Each structure stands twice: as C-alpha cells, then as structure tokens.
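Letters A, B, C, D and E mark the chains in the order given here, with residues in each chain numbered from 1 onward.
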Amino acid sequence: MTLTLDIDKPREKKPVVAQTIFLAAGLALLVLAPLFFYPVFLMKLLCFALFACAFNLLLGYTGLLSFGHAAFFGGAAYFTAHAVKEWGLPPELGILVGVAGAAFLGAIIGFLAIRRQGIYFAMITLALAQMFYFFCLQAEFTKGEDGIQSVPRGHLFGFIDLSQSANMYYFVLGVFIIGVAIIWRIIHSPFGMILKSIRENETRAVSLGYSVRNYKLAAFVMSAALTGLAGGVKALVFQFATLTDVSWQMSGEVILMTLLGGIGTLIGPLFGAGLVVTLQNYLATSEFPVTIITGLVFMVCVLLFRRGIVGEFYNSRLGRKLGFEHRH
Amino acid sequence: MTAVLPEQNGAPRVVLSARGLRRDFGGFTAVNNVNLDVHDARVHALIGPNGAGKTTVFNLLTKFLQPTDGTITLLGEDITRMAPDKVARMGLVRSFQISAVFPHMSVLENVRVALQRPNGLATQFWKPMSALDGLTAKADHLIRSVGLDKERNAVAADLSYGRKRVLEIATTLALDPKVLLLDEPMAGMGHEDVGMVAEIIREVARERAVLMVEHNLSVVSTLCHHVTVLQRGEILAEGDYAEVSADPRVRTAYMGTEEA
Amino acid sequence: MTMIFGIPLQAFLGQLLIGLINGSFYALLSLGLAIIFGLLRVINFAHGAQYMLGAFFAWMLLSYFGIGYWPALIVAPLAVGLVGAVIERTMLRRLYTLDPLYGLLFTFGLALTIEGTFRYLYGASGQPYATPAALAGGTNLGFMFLPVYRGWVIAFSLVVCIGTWLVIEKTKLGSYLRAATENPILVQSFGINVPFLLTLTYALGAALAALAGVLAAPIYQVSPLMGSNIIIVVFAVVVVGGMGSIMGAIITGYLLGVAEGLTKVFYPEASNIVIFVIMAIVLLIRPAGLFGRDV
Amino acid sequence: MKPLLKVSGLNAWYGESHILHGVDMTVGEGEMVTLLGRNGVGKTTTLRSIMGIVRNRKGAIDFSGEDLIKVPLHRVAHRGLGFIPEERGIFSTLSVYENLLLPPAVAKGGMTVDEIFELFPNLHERRNSPGTKLSGGEQQMLAIARILRTGVRMMLLDEPTEGLAPVIVQRIGDVLKTLKERGMTVLLVEQNFRFASKVADRFYLMDHGRMVGEFPVSELSDRMGMLHDVLGV
Amino acid sequence: DASDGKVKIGILNDQSGVYADFGGKSSYEAALMAVEDFGGKVLGVPVEVITADHQNKADIASNIARQWYDTEQVDSIMELTSSSVGLAVQALSKEKKKITINTGAATTELTGKQCSPYGFHWAYDTHALAVGTGGALVKQGGDSWFFLTADYAFGYSLEENTGNYVKENGGTVVGSVRHPLATTDFSSFLLQAQSSGAKVIGLANAGLDTSNAIKQAAEFGIVQGGQRLAALLFTLAEVHGLGLEAAQGLTLTEGFYWNRNEETAKFGKRFMERTGKMPNMVHAGTYSAVLSYLKAIEKAGSDDGDAVSKELRALPVNDVFAENGKVAENGRMIHDMYLLEVKKPDESKEPWDYFKVLATIPGSDAFIDPAKSGCDLVKS
C-alpha cells in the first residue's frame, strides 16, 4: 500500500503492478485488522494517522512546518463533541461542524502565520495555538479541565448504530480512506504542483504570476480542515474532548509521527502514528518515562533516519526496484 | 552596427512606461527621476556601470520593490500600487540576475509550472495530474527551442550555471509575456549559448516588448534598438547604440576605452 | 493621590518595575535564542531546558556540594555551556546543511529528553533554592517594597545583555560568527576555524540560558517544568523583535516584560496571552518584526 | 620558473557524479594562468578541489612543497592560498567594511584598506551598507578586494568579470597586472576570452573534467583553431 | 466468588507529568501495602495490582482502561488523578459495570451530575478543600480574604466555594485577581493582594502555580507583614518540594496527615521505607480505597461490580485514613478533613514533620450533602 509522492517525475515505465499489490494488501489488512487488534486502539491509530497525513500535506508538500496543529485537532474535537452532545446533531453533521470550525481557525491562524517564513512560521503557529489553548482552558463550553465527557456516538445517517464497536471502526476506516484520498488528490493535482514550486523557490513563483500567499493560505486551510476531520472523529471514538488535544505537546507529537513515518510520503504518517501510539501505550505500563523515550526517538530520528520509515524504504534498493522514489 | 527597426505601420506602441521613478534605501537614492518608455516589438537595453540601479529599476517595474516616488503604467493601466504576482499576470515577466529555477524539479517540470497559469490549470486541486499532460507538448517545444532537450529530465539543481540561465529564459517565455524584462540574460553563458539566446530574444521581440540589462556590448549593439544608460540612478544618455556609444560621458562612465 | 488609568501612580510604578524584572528574563533568554539562531540558523527549542538546567545545576551544587549562589552563577552556566558544546559537537553539527526545521525538531527532542530526565529524577513539584544572604531582604522605595534580589536581577541582566551585544556587534569575533552563519565553507576557506566557532556559539547561547536559570532559582521554584513554561513566550518575544538583531531581542524582551506586567494590573486574565496578541498585531503591521531586517 | 602549485591526477566527485578525471596542471611562482573551457566542464570544481572545498577528491595537490590534500580547509588559507568564488560570497549581515576586514591576514604584503578604496571608490562610498545590498558588480569588486588585503601568495579567481561593466573589467585587468608585478600568482577561470588574453601568461584548456590543451600567450594566435573547436570562440 | 480466579486492581495515574509527585508511582506502592495488610488474598483467590502511567491524557487512560477490562480481567481501577481522566474512566467503567475509586481528582462532578453507580470518590474534592480552608480559617480569625485565582474552571470553583464559606461564617471577601494557568511571576498579583489589606490571601490554584506564589510571597515579606497565606489545593508532597523556609505559616486542608496520631505515624513510616517519602492524602486515600474494596468483595462474596458497589456503600470505613467514614449514595466517601498549618523550620522536630493540625472538619460539613449533589442516584 504505497503511492509514490513524487509528483510526476517523468518515469518511463512504472512497476504499477507491485504498487497495486501493495495498495490492495494494505487495504485488506486494514479491513481485517479488528480481528487481530483492539478496535479502539485501531481507531485511535487511524485518527492520528489521518491527523499526521493532513499535517504532512502542509509540511511535506508546501514546506511549512506548523507547530500549532493541535489547535485544529483538539479544536475540532471540542466542536464536534459540543455539537453532538449539546445540540444533539447526528455524528456526520457533528463531524462537519468540527471540520468547518477547524477550517475557520485555520484561516485565522494561517492568515497571520503565512506572513513569515521558515522557522518564524513555526514559532508563530506555536504561539497562536497556545493562545487557542488558553481560550479552551477558559471557555465555558469546553468544561475546563474536566473536558466534554460522555459524548454520544449516535447513529450514522440515522440508522447505523455507532456505539457498536465494529460499526464505529468501519466508519472511522471509511473516513480515513476518504481523507487520505483527498490528500492524494490535492498533492497530485495542478494545484499541488504549484505548491511544490512555491516550496522550491517562492520569489520565482511570484514572478511567474502566482499569488503565493493565497496558495499557502489555501493549503493551510485544507490541512486544518482535514486535521479537523481527524479530531472530530476522535472525539466520537473516545466520547470525550479534553485539553490534551489542544496542547502544544500534541502539536509536537504529530510532528514526531510524520517525521518517523517519512515527511513528504503519503502513507508514512500512518506508520509513524502507529509507532507513536503503540509506544505510548506500551510505555504506559513500563518503567521507562514516556517523555524521555519520546525525546530520544525524536533526536535519533532527526540524526539518523531523516527520511522516516517509509522514506527509507522508498530509498532502499528494494524500494527503488519496486518503483518508489522519494526526493525530499 | 545597430539593429534596424522592424517595419511598422505607424509608430510602435508604448506598452510599459515609468515617470519620475525614484527609490530610496534609507538615505541612499538608488534610482532617481527615471523616465522610461518600453515599446512593443523592440528590444530596449538598460546599461550602466555596476550599482547604477538597473536591477533596482527592474524590481520597481515588476513591483518586487515599491517605488518611493513616480508612476508606472503597463498597457495603459496604472500599476504603481499593484502586487508583483498581479503584474506578472498582466503580462510583465522578468528573469533574475542571480538565476532562479525550481531546483528539485526537472527541466520539464520547471517549464510546465510556468505554463500552468496561462493555461488555467493552477488552482484545480481536484483534478488529476494527467490534466497537465496537455502542456507537455508545449513545454517540450520550448525546451527544444532553447536547446535543453538533452537535459529535459535532469533535475534543475544539477545543471551548470549557464544552463540554468537558459532554463530560466525558457520558463519566462512559457508565460507568453507581453513585456519581457531580462536581467543580464547572457551572464555566465558560453559563446554558443549567447548566440542562441540572442536569436531567441530577437525572435521574441518581433511581437513583444523586451527590456534587458546586459553588459555584453556586442550583444547590445547587435540586438537592441534602443539603449538607455543609467548612472548613479539617473539617466545619463539615451538613443540607439551608435548615438549612445559615441557619447563621451558614456564612454568614461561605462564603456572605457575598449571597443565593443 | 495621582491616578493613572484608575490606579494610584505608586502602584503603577511598582508594577512597571516588576514588569522590568520579568523582562530581564525574557531579554536574557531571547538574547541567547537570537545568538544561536543568528549564527547557527537553529531555533533552539532546548533553550527552555537549558534555562532549567542552569537553575537545577545551581540547586545541585548547593545541595550536593555545598557550593553557594555566587560560585554557581559562574559554574552552572559554564557546565551547561559545556554540555551544549558536547551536544553541538556530537549531534547538532550534522544538521547545519539541512533545512533549519531539522534543527528545531532535534532540539525539541532534546528538550523533551532533558526535561523528562529531570522529572523522572526529581519529580515535578520542584526544589527550593534560597535567596543568597547578601541579597536577602528588601528596600522600601516609597511606592513599593522591592526585594533586593529583584533589583540585582535587573541590574545584572542589563550588564550581561549589553556586554554580549558589544562582543557580537563590535568585535572581530562577532563578524566571524555572523559571516560563518551565512557561508561557513567560504569563511573557512578564509582560514577561520568555523566548526570551533559554531561550537563556541552554541555553548555561549546555552550558557546564557543557564545564567538566566541561576538568576531565576531564588525567585521561582526550581522545577523541571520551568523551562517549557517560558519557552513559548520567549518564542513570541523573538518573533515580535525580529531575530535579525541582537539588540532588538534585548529591547523587545524588556518591553514585553513591561507590557505583560501592566496587563497583570489592568486585565490580569489576558496577561498570559498579551504577548501573543502583540505578536499578532506586529505581524499584521510589520511582518519582519520590530527590529527585523527586511526579508 | 619554479612551480608554486602542481596538481597531478586530480579526481573529484559531487556525490556519485565523477566530475574531474585526472587533472594535471602547474602554476609557476608569479605566473598568471587562465583556465578556459565551456560551461560545466569542471573549471569551478577544479578550483574548489584545490582549495579543499570539494573534499571528495583524489590525487596530489602540491603547494610550495606541501600536499594540500591532507590540510583541513581552515588551514589552507594560512598556507597562502586565497579563493574568490563565482557567486562572490558577500555576507549580508556584515557591512561592506566588515566584509572587507573579515578574512584574517595570513602574511605580510597585502594591500592596505586605503589602497583598496582607492582602487574601488564605489566600495568606499558604500562602506557602511550591508554587503549584499551592493549591486552585482560592486559585490564582485568587494570579493576581490577582500582577498587582496590578506597577503596571500596565490589567488584562485573564478570568473571575476562576470556581470561587470567594461570599465570595471578594465580596472580589474589593471589590478591583476599590478598584482602580478608585485609577484602574485593567479589561477583564473574565465569565460571572457578577450579579457583573459590580455592578462594571462599561459592558458589551460579544459574539457570533460580533463586538461585538453596548454599553451603560452605567445602561441595564442596559432591556437585559435583549437579554441574555436573547444570553446566556439 | 471471584470471576476469573483472581481479583485484579489497576492503579492508573500520572507518573511522569505534573501530578507525578501528587500521587504517582507511590500510589501503586500504597495499593500494594493495602493488599499485603489484607493478607494478599480475598475469597481464597490472589489479589493482583497493576499500574500504568496515563501521561495526563484522557485518551491514553481510556485506552488502557478498556484493555485492562477487556483483556486483562481487571476488576477495578483506582487513583485516576486529574479531572478529565477521572470522568472519562468513570464513564467507561459505568458502561462496563466495573468499579472505579477515585483518590486523585478534585472535581465534584464525579459524584455530582456525572455520578455513576460504580464510581466512588474517596480522598477529597474541591468542596471539602473550600470548606476546610475557608470555613475553618474564618473561625480562627481570618475574616477578610483576597483570592489569587487560577483563571479556569477549577480555580473559579475553589474561589467560589471558599468565598461562600467565608461569608457564611461571617467573613468578607475584599477582592480577587485571576492569574493565568502556569504563571511564573506572581509579584504583580501579590502586590495587589498586599495592598488590599486582607487578612488572608487565598491561593485558588494548584501545583507549581501555588508553589511559586508562596515562594514569592515570602520574598515580598507578605507573611512577615501579618497576612496569612491559605493554599486551597496543596499537600505534603508540595510542601516538601517548597521547603519550610518558604512555606512556613501557610494554611491548607488535607484529608490525611501522617503525624496526626500513633497509628498514622506508623503507617507513614512504613510507607516512607518503601517509597522514600511520607504519604499525603492521595497515597493514604488509595491505601484506604483498596482496603475497603477488598473488604466489600469479601462481604459480597463476589467481585461482581453490582454486588461490590452495594457493599461499598454499606460498609463503614475505618482504617488509618478515615475514622467512621461512610460512603454516600452518590459514591462520595464522607470522612473528616484537617485544617493544617505549616510549621516554622525550628518547630519541625524530624524530617517530614511539617504540619500543625489547627482544626478537624467533620465529614458532614466538609462534603456536599448527597441530596444536593445533583446526582440522580440519590432519591430526594
């Protein structure tokens, strides 16, 4: 299950077969996974994976490192939870509320942040997201440090009971696949090509007549909205929304997932998310303090495996033989 | 030798003009009271000693810099306060003195990115990549016309300096601009490329206006219909090459004793 | 009694002074950040952790070796600087040729590791550190009771900031450092040992953070969390000031400290976000920052 | 003439691409040698390899009796070698004046700041502005001026006339001649054949990472045919 | 009898984050002590205790709880520091009909609107703290108050509850200032508190915020100036971190103090041997919770959630933590709380000898009347 990221480097023949087999095998795995793994764990993994993929849309393909994506993730979780619990909306509408809210937040934060580039951009997003964190801490509707609890999952389209773990799983899987498909489409579109060129040489892109700010803002909002999709679904999976998801540590976590899986690879974040979530679960019952391990993984990754798991695979001899490539 | 104006019905049209252009950097005036008219179907050279303000004039005209004073008119519209990308969309396109390409894209991709906007394929995030296939033929044509066919699939970063300049010209042409601003297009190029690029410029200028900065006087003399000499931000002399090069002030300020 | 904005002038002056104390820490920290960034193009996310390390080293010196405040003021920054030098030599150095975001991510990991280790060893609730005897007590300024120690913090941080600025802006060493950030290879080809310079720089930045940490130890609880609490604010300070200028970082540090101090009086609920709000406004009006050079 | 620099069998790589395939050349003490060749044949790479900026290299680079291959980059300048890169390398965070003073003097005999300002009055006028706010040509002057101060014995100059106004090119030509009279050794890479022919004692012709010809300036007119083939002059 | 041949208790709390000292790994140790004291077995099957670090994240806590219930045959989960975690795990356990006994979280919601037949709240809550410090202190003469309040729901409810008790007892609240969470510098706020002239400065915040406020109050000479500091959520663990020099004179409320009588001191020393520190109310509360849980199983003759929760409500709690404690219908364990004052350094006779007991607050005063708690399990 792997798609190459590289937008259309002219390739003579692609070993399409191998890639299709990968894709099919991957999908089959996801469909059958609940037989082997704990469904809530899988759902959590898929939510984070979608989150990381959406984040990667910005980092990997537009070259913008946002250190504030938790605002969209956690924000959407709050919005969805509130819409479903207090307004009594059905789950699909509740998620849409989350997505819209995240997109709106994205538009505001993005509008300010794209005025600077590079690491300034990272710091600005971090600061603005922190501001949003304080807002959530104090706002009435988030219920402060208690969080919005006991959010009903409800019935999808009025008749699929999501309190059934299996139903919920396939719903989450569906959302995940749709989300990733949207991201894939955006990256491999004429628009995606312009994003790439902006990442490469902004001034030149301006001189070719592209309004760089609008493109960046559009990418930012898209990424925020897709992040909101993941956050909204997560609120339904766990049936609560808390401050954890809007904290800056969460923004750091999603970066770790993306980095670990492979920046600029479409499905890398899935593996990254899997690893981080598993690690956290495992470390919860071990002697090792989680923060130290997370920190060390970060450092080792940056120093030794910058391409991430999937990136390294693409770049390995086997990966290249199969026709993957990774230029980042 | 001076180039001969192409035959025209009536006077050539002014497409880009600047009046009283001025730009200060802190207390330093880099460009002062520059009036400039760029005509359709003509190659106009902007020459002058280093630091005279040529690149700054380019930055002002393309709106990469805001003028401190003065007005700029493009195709009859006042663009003095316009954003640079908007100006580019109106058909005023430039190249850069220090070459500007998309380093990790192939030559083909570089050209195609430039082709996307004029062909209305820039914002479609829902369309597949194959939507761009239609541009490949055009891109290949451009690539061939500047002699980059061998490097078509090479990554731009791996090109030598001179080849990058050629690529930049190809992307600039891809936009099918109405007015072309070239900042030292021949700098760093080998002899055969100089000839080729000169030929391309001549070809382009049949229907469009070209304003170029160039230090290679033999190119200026054979290619340009009109020459403006800048010195210390102000216009020192104007006219065709023969007139300008005969001007003793230009000779001392710029050309020196050397023959072009 | 004279009133300003509805509060007595006296109280106003008091709050102004307190803002300046806060600003001292912001200035010291953003100065270190700006130096490291200016020269290494690395956003040192571990800056907060190094600040915490400074405070902790001071505490450890006292409780394990009986070494007091004054020696600690020198020893702790040196030790943290040394740690910084080792980190730069062995790890950070490999990242210079890459996109700056990797430096940010690496130091982020570093910060987590350092903070996690101290939390593991010493818990989160912190350790006490007493004010040195020579600086204990306070004086009544008429409008407020000023603890002597706080006066010392203002004075000392000013001296350190200005001294550092002079070294970087006015000496040959400073111009080597600045040139080396732009094109290390070329500077090296001029015959200057750039790798050594970079190590020195990172060590200096880390030492400055540690110095702020030692200064903070008698005021704040010496806790593993003290760094991460302050670092995001300092980032905002740096964005407001614009990283291009060392002096800018210093002045903005003090200014925002005062702005925050005054907000605590007029609208305390907003005092933690006032710096972020100022940042947003500055971004709208002057994207390059107050003292930033044009991009 | 005593050779100052003797390069033999120099190979160099960028990543996996093999750029220099056994370059051999000598430059005598006080000599001015010009390296000619089309775009991309490896002229810049040759200079960068001699200087040690390209580290992935093999062969021997003998500079006044010492093999430079083993010398770390930051020690090379102290042996008396100065490099002026094609892209000039002016520092934006330093003023023109600071740029000028940046390289440490490695030996006596360099030009004084006053002499330099006399030679390049533009620099004097703009001495307090940030280095990269200079025009392209002014930057090139600054790059040359910077090395003149340090007192190196030999300069490696990569396309010094690129983008310069003819008067300035002439002035640089004069400077090079003056330097030569003072005993400076220069290895010059140049596209501007006319300029090169005025200052050089000897030429090397390069193609595909190898030296394909070598001749003194006196034989220039006889060699025009070959130059035409290789360079298209 | 026991469902699967053993009784398994999970201690789920924050072991690496901000609350690591508050409860942390030592709570696990407390649970082990309770099991040992009970004899290691109940209904003839072994009792097992496992633990996990929820890293202060509700989703991790919820995941672990689910896995514990579904695959590890865990019968009950305890400690559960932090409100969001406590509420989330209690809601999940309600669905699974498993017992939770919360000793770490402060929110009264656990036994209020979001109460559960299987959820119990053991050691303290915001209400008890407010009553303890607010009510009792006024009786000691601290009748005018100024609050330094953390600017979020937790702070507000502490301030509001405490303020009410102050007024009820004839005191006044002369002012308050809200400071953001994770403020490091409190001097501005302290100056305001100082100039208010109030006799008591109430710190309606927690953790590091409280520590820093106290430390800086000492610097500005507030206590020497005759004002009194009252921390509304502060325990022995934090006082230890702050040191007596800075903390002296501080007033606070806890549900437990190790040096209160012989029995508590004995327990404290045993605990100290195992963990290197003296227990606070969370540790002792966890001990008591485990012990009571095992007693209830024995009484019920089964570890079934319904049966055990019924017995838990019926049995009185009498152990080192609580004397004559009883569990109300809404799950609240009602027991006495203590108003404590931090000793001066020279009054402290041995390590960890930090507190003087100023007053005992009877459980019936300390905790919300179950009928008014808003919990729908209580028939009114």
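Definition applied: a contact is a pair of C-beta atoms (placed from the backbone, for glycine too) under 8 Å apart; a residue touches a chain by one contact, two chains touch by 3 or more.
Per UniProt, the chains are A, C = Branched-chain amino acid ABC transporter permease; B, D = ATP-binding cassette domain-containing protein.
These figures come from a predicted structure and were not determined experimentally.
Any chain bridging chain A and chain E, meaning touching each of them, is among C; the list is complete. For the pair chain A and chain C, chains touching both partners: E. The minimum number of touch steps linking chain D to chain E comes to 2. Using the mean of the Cα atoms as each chain's centre, the chain most removed from chain D is E. Ranking every chain by how far its Cα centroid lies from the centroid of chain B, the top place goes to E. Mean C-alpha position of chain A lies 51 Å from that of chain D. Taking each chain's centre as the mean of its C-alpha atoms, chain C lies 44 Å from chain D. Distance from the chain B centre to the chain E centre is 75 Å, each centre being the mean of its Cα atoms. Within chain C, contacts with two or more other chains are made by residues 116, 119-120, 269, 272-273.
Within chain D, contacts with two or more other chains are made by no residue at all.
Residue positions of chain A with contacts to 2 or more other chains are 134, 138, 289-291. Of all possible chain pairings, those that touch are A-B, A-C, A-E, B-D, C-D, C-E. Within the complex formed with chain D, the residues of chain C that make contact are 38, 172, 175-176, 178-179, 181-183, 185-194, 244, 293. The touching residues of chain B, counted against chain D in their complex, run 25-26, 28, 47-55, 97-98, 158-163, 184, 187-193, 215, 217, 252-258, 260. Residue ranges of chain A in contact with chain B, taken from their complex: 7-10, 185-186, 188-194, 196-197, 200-201, 203-212, 218, 222, 327.
By the touch criterion stated above, chain A contacts chain C in their complex at residues 59, 65, 112-113, 115-120, 122-124, 126-128, 130-131, 134, 138, 248, 252, 255, 259, 289-299, 301-303, 306. Contacts from chain D toward chain C in the complex involve residues 51-53, 73-78, 82-83, 85, 89, 91-94, 98-99, 101-104, 106, 130, 150.
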